[in-house]
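Per-chain numbering from 1; labels A, B, C and D assigned in written order.
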Amino acid sequence: MIVNDQMKVVSHEKIAKNIFELVLHGELVNQIKAPGQFVHVKVGTGIDPLLRRPISIAAHNQEEQSMTLIYRAEGKGTKLLSLVDIGETVDILGPLGNGFTVEEGESKTALLVGGGIGVPPLYGLSKSLIAKGWEVKHILGFQDRSVSFYKERFEELGETFIATVDGSLGTKGFVTDVIQKEAPGFDEYFSCGPTPMLKALQSRLEMKSGFISLEERMGCGIGACFACVCHKQDDPDGYSYVKVCSDGPVFPAGVVQL
Amino acid sequence: MIVNDQMKVVSHEKIAKNIFELVLHGELVNQIKAPGQFVHVKVGTGIDPLLRRPISIAAHNQEEQSMTLIYRAEGKGTKLLSLVDIGETVDILGPLGNGFTVEEGESKTALLVGGGIGVPPLYGLSKSLIAKGWEVKHILGFQDRSVSFYKERFEELGETFIATVDGSLGTKGFVTDVIQKEAPGFDEYFSCGPTPMLKALQSRLEMKSGFISLEERMGCGIGACFACVCHKQDDPDGYSYVKVCSDGPVFPAGVVQL
Amino acid sequence: MRRLEIELPGLSLKNPVMPASGCFGFGREYSQFYDLSELGAIMIKATTEEPRFGNPTPRVAETNGGMLNAIGLQNPGLKGVMDNELPWLSQFDVPIIANVAGSKMEDYVEVAKEISTASNVKALELNISCPNVKTGGIAFGTIPEVAKELTKRVKEVSEVPLYVKLSPNVSNIVEMAKAVEAGGADGLTMINTLLGMRLDIKTAKPVLANKTGGLSGPAIKPVAIRMIYEVSQAVDLPIIGMGGIQTAEDVIEYFYAGASAVAVGTANFVDPFVCQRIINELPALLDELGVDQISELIGRSWGKHESKTIYSS
Amino acid sequence: MRRLEIELPGLSLKNPVMPASGCFGFGREYSQFYDLSELGAIMIKATTEEPRFGNPTPRVAETNGGMLNAIGLQNPGLKGVMDNELPWLSQFDVPIIANVAGSKMEDYVEVAKEISTASNVKALELNISCPNVKTGGIAFGTIPEVAKELTKRVKEVSEVPLYVKLSPNVSNIVEMAKAVEAGGADGLTMINTLLGMRLDIKTAKPVLANKTGGLSGPAIKPVAIRMIYEVSQAVDLPIIGMGGIQTAEDVIEYFYAGASAVAVGTANFVDPFVCQRIINELPALLDELGVDQISELIGRSWGKHESKTIYSS
């Protein structure tokens, strides 16, 4: 069930340049079903900014009723969000969308590939996969070292490769360069990041099955406004479509026309 | 000189129903010339609300660089203002306009008449008058007891009569009823409050000289936009005019067409 | 609790608050949040004869106090709406206003004829004002003669009363209103979005793939209020008002201006409960204003008090 | 530091930022805050032949992301402006753009003829779009033929280049722009305010004494950008853009849309230093965008790159 909760700020820290980790407490957490779901955040109380901001659930803890969001303070809304203090509340609508399907994975290996602010949901996903018996490997791409985060946390869960565009951390280049170079073996891949990255990944890993999480500008976030619609790969000019907010944001690779 | 100062909140208290007393600290205070001047307050950082709010300087202390504003939290802007905490800053433009002229007053009596949120500037005025040798009497009108404030403070300075519309404090009725009933003797009067009150007062005290402080919707607050223009009494349909923000808000009684 | 009731051509509204077309889909998503029977009515997403995919994405962009959209009338087409959406909606005790769109007159006529036969469709809303479709669309809404002719032709075939949705992108809104009145409209809905645009600082290109889009939200409310104020005094048609409504106070302002009911669009995206909340807040606000029936407020800004009893229950 | 320079008919601007007419009076008040010579130009308050008191108060009202005004062209009249304001302004090294208004064609012609002879008036801005005066005003700005004729007659008598200020309250802004181009305009300024209204919840009456007013501020920026984008591609005239500008980023967006300079109105009321601040922030923003001259950005959204060299210095 989707709920609208005034969630309490438990902690709020800057973990890299312009990157913030926000831990929220509230009953909404009870409703979270799968890693990869997201929430819609109302920043401020008035009309500035007007619309909610979609942010992935990076991780959550059902017992403590807490969840973690990791976001980049970039535009008007996220910059304002970064000013919220511990003890204050944030207006959250969620959980939204469908997350990653985490099946039993005994003796299977998952490759998790994230780019920039696409990295956060992979953290919760990685933990879920491990809980289901998967071995996990991570490839994380960042612009440069200053905006990278959660390296150690991912390393605790499994093998972790980092790529930065300028080479200031890990391999110089993109996540696809790491795949090329390291050729990590895996059974299924799970990815979240900018569309060009997903596109490159999907075509490079064409023979593999995987899941990708998409981003699209949103209005309602719940499937009503048709803002976030994408064509399907098997009908690129037709009338069949998916909505990123309610059908996604996670789709099996190859379903959506990127 | 008018300055734009990010003033620090020294204290912020609710002193009556919806009435707040805000003490601010900053260099702007050095520029204050006379009681009755006002400041233009930017609430929030974005476009909601867009315009500044004019608020009178209730009192100020040059040595401590502090000034007091007393305001009613009523609409969007003042309600938001009431949430500002000690230690935060408020964006203030001022001091604006011309205040009350306080001349030597040895053996003279001043009658200060205020209504509602017109009461605050009279507090600083009363102190200034006393410093110049005047004896002061106050008549303060409020809707009812719950929204009344500063009674004791005014009583410390001089004789003080209160009128409330419902009689829950002081005389039942309006400030003009108090004048009628008590017929306090005085040499000059000084008044601030809603226009109907000023109008009634001015006509009742026609034979007396006095000063009144006006309210008008404002754009710029500095004389540039022609939002706050009033006709003059000696030329009610002509081209001569005063601007409340820069020529006023205080005018000698009888100058402005009310 | 009959104080919120409003009687309009074809519509017995238990309250005057309904979601605006395109901002509520066909109701399915919002039915997760509250019982749709609580609504005065529902204006469903524009329906065209054939299914439409709409414009490429990005389709929305935020602006100061508002948003731009260029959805491009995506919808499952007349058959899809008749077969799947309207029957699903019939489980709720709420009148449906079907928003009808097209690119040629014939399209409108075809859709209106068919969709007006659905048992829960109590009125049509003729969308002659969508700024986001290349053909037709905007022209129907800016040329009085064309709007009148279209109104007439649709009115001829419709089984239910016809409301025409006016575009604010015109020099003279009264002239448009009079034209559709002359064409036989039973009511007006106004306003649709203002044509606007936003450019990306980094790329210099429009944020919307469609380049321009329709501006909605609180930013446009003053324009809507002004237009309803003008039109309600010039024509005899009831008006369903919309544009930037977020609160019960906004609803009252629309009534004062001359509206007999209101629709809420963009605000649903910010608060999915907004329509329900407004409906619940209205009675207390009427008390504060010392008013018994909300219908007494229609046109109060220009002095229309008891006159329009035909619309009050 | 010549990277902000812009060359327009009659105007050699050291930078493209100027206060908009009516939002800066005749400069006296803002001269307390910074040296007016820092400005690209100054658009002074509308001048009419005779002094005008303007409309009753309240004259302004806040709206979501904007404000309404119905000042009603208050000004000291042609003689007052010629004798007191323009001479005072001549102490600053800044070109003045005189905003010319009237209720009859003859009024405009009279004012234009005279005011264009002042030595610091480098251009006229023909105000055919003020929504707040009953006679004339809006009609001049919404009927293409009338606008063209007025432009022609004023152009005949003006000693300096003529910019025409367009109203956004029209169905077809391109048609209006073409009409004034045909009338001989040297440039356009756009947009003036959108006609709007706000009602008081307690009294049910309009907040403004004049009932309706002009909507300005950030709320209207998307409408202005869209109109400039359309018009700049359709006519050969340079455009001074305005509507909701608050930041250096907004200025860049206007340039991308097709403006060659910009004016800042409402934002002066919020931050009296806004024009100075924007001018100071522009060079760093150009660096970020990797651009040397701001003139390179004119029309970049629709691909007008090096073509209009005639306006770059």
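Observations
By definition in this document, contacts are C-beta pairs under 8 Å (C-beta built on N, C-alpha and C of every residue); 3 or more make two chains touch, one makes a residue touch a chain.
Being a predicted model, the structure only gives us computed values, none of them experimental.
Any chain bridging chain A and chain D, meaning touching each of them, is among B, C; the list is complete. More contacting C-beta pairs link the chains of A-C than the other of the two pairs A-C and B-C. Using mean Cα coordinates as chain centres, the one most removed from chain D is A.
In whole angstrom, the spacing between the mean C-alpha positions of chain C and chain D is 34. The distance from the centre of chain B to the centre of chain C, with each centre set as the mean of the Cα atoms, comes to 46 Å.
Chain centres here are Cα averages; for chain A and chain B they lie 55 Å apart. Chain D has residues 63-66, 217-218 in contact with two or more other chains. Touching of two or more other chains is recorded for residues 47-49 of chain A.
With chains as nodes and touching pairs as edges, the resulting graph is complete, every pair of chains being joined.
Listed in rising order, the residues of chain D touching chain A in the complex are 64-65.
Those residues of chain C that touch chain A in the shared complex are 22-25, 28-30, 32-33, 45, 51-54, 57-62, 64-67, 69, 71, 74, 76-77, 217-218, 246, 266, 268-273.
Residues of chain A touching chain C in their complex: 1-2, 4, 42, 47-52, 93, 216-231, 238-239, 241, 246.
Residues of chain B touching chain A in their complex: 44, 46-49, 76, 80.
Contact residues of chain D toward chain C in the complex are 63-66, 68, 142, 169-172, 194-199, 201-202, 204-206, 211-212, 215, 217-223, 225-226, 229, 244, 249, 252-253, 256-257, 289, 297, 300-301.
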